[in-house]
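Each of the two complexes below includes subunit A, the first together with subunit B, the second together with subunit C.
Presenting the complex of A and B:
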């Protein structure tokens, strides 16, 4: 058979393809629907949080920080409850990372605050002596891309039925509604309102002024995102 | 005419040889910068505060991985394809104007793609998925480049004189099919300009931005099915294709066992794709997928060692060549590192070992003994073998080649030993508890302790880069400094004369 295949490239290629493709189908398909179901208490990202997530991705934070707490005592002691599949239901793309040069950030919103992040992003080793993380000072001046975040919300609501403007069940039995703007202008108003809450806890006067003038620096969006990780 | 050997056309081979070298230097240089940034964080500001955004570790990191994978390695694969393909199929590119055109188009579009990738990654335009960072417009360009590669392969096969496909061709076909399938499915994404607001606006925000079709755990599954097998079909399969051609050619020995190559090839095809789950052990993907990933990773030793042993036994009775020829040294060490790396990988894929190894520098070490030792050495050996035949000149300096071999070998050894120690140290410190059951170390303790290992790794990487520059210089001098031979060297070793 093999000798015959080696003289018939078409059938050889088909044979290789089937041999290769088989495993993917068997491992990925069976649990596909189940794995994408959200757990109770998981809500979609707001416009500002999503813009912050884009800042996180733009700067490859995931190259050094994981967002996956493994079910070991040492990890739950350090980072909190181990990760559940449904907690990632609104993560497109997933940001588990593959290297922990810095600590895990899956639940960083539980134990770090806005002002901690502000100081840390400006001067990491000033906050954590010995840290090898670089400073991210340009985030204090670059503007966050709210428009693209809004476009992404619209896209996931449309194509994947992500529940924006709909009640989402919370762990205490209540419900929560994550608002999405009805127009681009509306989305920017919503994001700015969120940003104002964040800058109340910040010290940087330039950032405060920018938000007062209706502009949102990247750092504000990033902190909104990091605070949402719980 | 009948008795004269075929004259092959190496135009496209030469073009891709050039990008192999240039992108190799770029990718490895960035790698060395990154390594020293981890040891000395001040280097993040190497070009000053104003450019910090672009010289920062996190912006450069995807540039390093993509430059060495899609720049250096892929160029090497293309370059050898346009050389090996013609020779084992016994047909010249010059015989078909169409294939010549496709080959050149393949190269130029590839170059456009590389430029687009460099610019977009510097700007931070990325999907975040490792080795699949490119946004949808670049993805489309990459698919076109890949289709052109496919047309080249099957076009040349279509007009072949040698009816039976040599082993290397099996592997090139598998590379084409495997990457095509993986890349397409992992990059399924929806451009966000398609989103429409309640007020009827669309085309909002950045035009190049997209959102993955898969969410969370599924996205991770698809990504590591891709990520692991991009290694399979980018770093293993095509490199095996090279060694099956270049080692017998260079040593004058026939492949040790045809049956072993059959077993290894079909075994590798079947087993590799299952192993992606070992990147996701103890994560939220289903347990059975993790277990399958673990088990198949161990089984993977069989086909991997099959190829490697086949290569080593090809040298049976001719081991004096290893001492005599630096080129044989490169290839023998490459297959040795292949064995080493394909044993280390399965060990790391065992669940209890993975609990310590995952997320640490040990994984980085594993990647690099494979890429520097196996992929890098084999591609350089291939170029060393091709250069005299393609440029019709003898290799410029044999002693430079031997020196390069030892410098780079030392570099690799420093690299992986320091990363072993760093990884296992950090993995053990993360999980250490004191007598009262509290965590023994804060996270920063596990970072500062790694400083000496990061420095050693940087030195190791630097040595490898120095060796690569020696290689580039040697090839450059071969291209330009020696007189042209009258016709192609038919069987002479490049080491001869």
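Presenting the complex of A and C:
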């Protein structure tokens, strides 16, 4: 058989490929499948949070802010528990970032609040003296793109089985259901309901008025997203 | 005698001579030092073995002829013998496989290093160092530690001077601001400030025993100003009538019942750091990732600001 293989280089190459591929599969796949499963406490993004994530990406927040806490004492003291790969299970794409011009935002929802974000996005150096982060005032007037967020929800629910409208286990043993609208109009209603909770803690009257009138400014979606980072 | 042996002897003698000269003429030279002698011995054996091996293989190339059965296939005229695998080689090959399995399963400590393990060790070392250096500090040193923790964790909202940055967060240079008192009276409060679940009722549950009726708007304004001024000025009667039952006549609170509204204390601050707080200005998140000593230190620092 080996002499036959030696005389047929094509089949020899196929044999080598199969051997190496099989070895790779059995060494890599089980571990990979294990660690990329969502961690308990990781829930899919709601419509408004997903719209906020799009705002985050659109404004290249990830160019200056990472979302990955490394297992070093100095980092976990500052940002909280180090990141686990399963925590990114619903991130498409993940926003690890590669450079920290600003601080890491992996768990910013644990230690910053809605009203702080509002002050900060309007005038960063007003709350953080010496900050070089620019102000993002247009987010207070631009409308968030709920339609695209809903489209993404539909896609990931269908193709990646992201568990919308299904119970997701939480750390305290309870379960949580992240709702996804059954239609575009329904999704907008859900997002608006979320936005109303956020603006209760906001001060900007124009933003409050916009939400009261059924419009959702980008800042509200972004804050919803940042608050969800825990 | 073959020329090759002659050359072998010439080269051996030349190299040994060179070795003798280079060692003998160097500082120290051929003394009785054991390391020196070992080195020289090694140099001699290297020369002899090298020459012997080279001669053997050169001889073999000169005289050897191929034998054995050729395999059927050949590649551009290059054939392959159907010889047995050399025994020594085969044994080494099998032993290598056995060694490989042992190395994979037991020999190489596959799980003896992990990044998280290193992190855990690192944290344990830091915590032990922290315990050793800071577990028992009190007084000024505690306040100093509190200030540095404050600068790292709290100044982002409360500002470097702890003044709350123009009302964006609580001004910690005084115990409480009038608007905060007013908000708590109107909306009640349940911030676990004493670690207990007991809430403070809103204005529909606050009776002024002096007048025998619910607290009024005017009374709220007066008593808010009174508390914010450090329990001075007008409004003492409203405070005594409405608030003192829980907060005490001097406003210093009662254990397990109500927190002090007159002064900060490390215990009060620790509770806020543990549970966060929602009040007139907004929501403060919990900072329970600080350790117990750091919370106490922040408490000591904040207490020192208003004394």
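Keep this in mind: the second predicted complex is superposed on the first by the 196 of 230 C-alpha atoms of A that agree within 3 Å, B and C clash if a C-alpha of one lies under 4 Å from a C-alpha of the other, contacts with A are read in each partner's own complex, and residues count from 1 in each chain.
The definition used in the following text is that a contact is a pair of C-beta atoms (placed from the backbone, for glycine too) under 8 Å apart; a residue touches a chain by one contact, two chains touch by 3 or more.
This one's a predicted model, so the numbers in the text were calculated from it and none came from an experiment.
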Next item on the list: Tell me which partner A:93 touches in the superposition: subunit B (first), subunit C (second), both or neither.
Entry: first
Note to self: So in the superposed three-chain picture, is A:126 touching just subunit B, just subunit C, both, or none of them (first/second/both/neither)?
What the structure shows: second
Note to self: Output check: A:110 vs subunit B and subunit C. Expected answer is one of first, second, both, neither. What do you get?
What the structure shows: second
Margin query: With both complexes overlaid on chain A, does A:201 touch subunit B (first), subunit C (second), both or neither?
Written below: second
Check: After superposition on the shared chain, which partner residues are touched by A:73: those of subunit B (first), subunit C (second), both, or neither?
Finding: both
Checklist line | Comparison of subunit B and subunit C by subunit A residues contacted | finding: B
Check: A:7 contacts which: subunit B (first), subunit C (second), both, neither?
Finding: both
Checklist line | Contact residues of subunit A, present in both the subunit B and the subunit C interface | finding: 3, 6-7, 71-73, 77-78, 128-129
Check: Inside the complex, what are the residues of subunit B that reach subunit A?
Finding: 37-38, 41, 44-45, 49, 52-53, 56-59, 61-62, 124-130, 154, 157, 163-165, 170, 173-174, 177-178, 181, 185, 190-199, 201, 204-206, 209, 211-212, 214-223, 225, 262, 266, 269-270, 272-274, 276-277, 279, 282-286, 289, 292-293, 296, 355, 358-361, 363-364, 430-433, 438-439, 443-444, 447-448
Next item on the list: Quick one: which bits of subunit C touch subunit A in the complex? Just the residue numbers, please.
Entry: 71-73, 115-116, 118-119, 122-123, 126, 152-153, 156-157, 160, 165, 168-169, 281-285, 287, 289
Check: For the complex, which residues does subunit A have touching subunit C?
Finding: 3, 6-7, 71-73, 76-78, 80, 82, 110-116, 119, 126-129, 201
Check: In their complex, what parts of subunit A are in touch with subunit B?
Finding: 2-3, 6-7, 9, 12-13, 16-17, 19-24, 27-28, 30-32, 35-36, 57-64, 66, 68, 70-75, 77-78, 83-103, 125, 128-138, 145, 147-160, 181-184, 186-187
